[in-house]
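Here it is, the structure in full.
For clarity, chains are labelled A, B and C in written order, and residue numbers in each chain start from 1.
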Amino acid sequence: MKLVLAIVQDADTPGLMRSLSEQGYEVTKLASTGGFLREGNTTLMIGVQDERLPHLKTLVAQNCRSRSRLVTPSVPMGEQGEGLVADPVEVPVGGAVMFVVNVDEFVRV
Amino acid sequence: MKLVLAIVQDADTPGLMRSLSEQGYEVTKLASTGGFLREGNTTLMIGVQDERLPHLKTLVAQNCRSRSRLVTPSVPMGEQGEGLVADPVEVPVGGAVMFVVNVDEFVRV
Amino acid sequence: MKLVLAIVQDADTPGLMRSLSEQGYEVTKLASTGGFLREGNTTLMIGVQDERLPHLKTLVAQNCRSRSRLVTPSVPMGEQGEGLVADPVEVPVGGAVMFVVNVDEFVRV
């Protein structure tokens, strides 16, 4: 058995947790911040049988893949004049990291 | 040395932490939610010498064993009439899971 | 690769996180309480290449070493009289523990 500690962006967390739950994974969610990825992430603890690990990685990749989104920067009103519209810029979103650790023993009481 | 990540119901956490502390275990408590067990759980990180692991498992089992409690469902007043009393139902409480992971190195500074 | 779970006093956390970030470590911060060390600690998850582990341990030791601080106990006013000043006492601060765990696999999506 493996323990997977997955660090996921907040925006991707609800969708990933729904997918995991539908597929029968048991997930524990820890509050976390900073460092890996940008602001606002969540750490998930997931116990997984060795043979299902590739499947779990696919689920995480599908729900959290790095991608970019076009965002139109807000232009301060007044100074710029009403006609002016700023060009949209690409903002990176998503991405996840997973630490896979071997489990010596799993106990349920 | 082993690192034990124990996921415990909130209701059992104070009693377990008191037992662990009385027996000389050092415990760190992480805020966690969902997935394993029902709503409202806590993740405990416990460092333990290999030879004390059976003792730790006993303490967790004693404090967190799965059990059921009889609960009398609340019956909305007025609609049902005052004389009516619903039958008590069994509600599961407690339970815990423990991931035991090998520690390569333990450092105290 | 190793996963380091470091339990650090809150007071030392900002300085340590700044040092780690300057040196290129990726750190995830979990909210935690009690047990190890005194009240108010933080758990940091840090992924590290095996060969950088000694360097990481040095950074933690530099930022979190156990030390003591002189504190003048507050004396209740009125009862003692205004002229009385209590002797300063040494209060321990700092300290950290690190669990180093082997990483089977590290995945970034």
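Basically, a contact is a pair of C-beta atoms (placed from the backbone, for glycine too) under 8 Å apart; a residue touches a chain by one contact, two chains touch by 3 or more.
Keep in mind that what you see is a predicted model, and the values were worked out from it rather than measured.
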Arrangement of touching chains [line / ring / star / complete / other]: complete
Size of the rotation, in steps of 5 degrees, that lays the CA trace of chain A over chain C: 120
Distance from chain B to chain A - Cα centre to Cα centre, in angstrom: 27
In chain C, residues with contacts to at least two other chains: 30-31, 101-102
Residue numbers on chain A that touch chain C, as the complex places them: 2, 5, 7, 30-36, 41, 43, 53, 57, 60-61, 64-66, 95-102
List of chain B residues in touch with chain C within their complex: 3, 17, 21, 26-31, 45, 47, 101-109
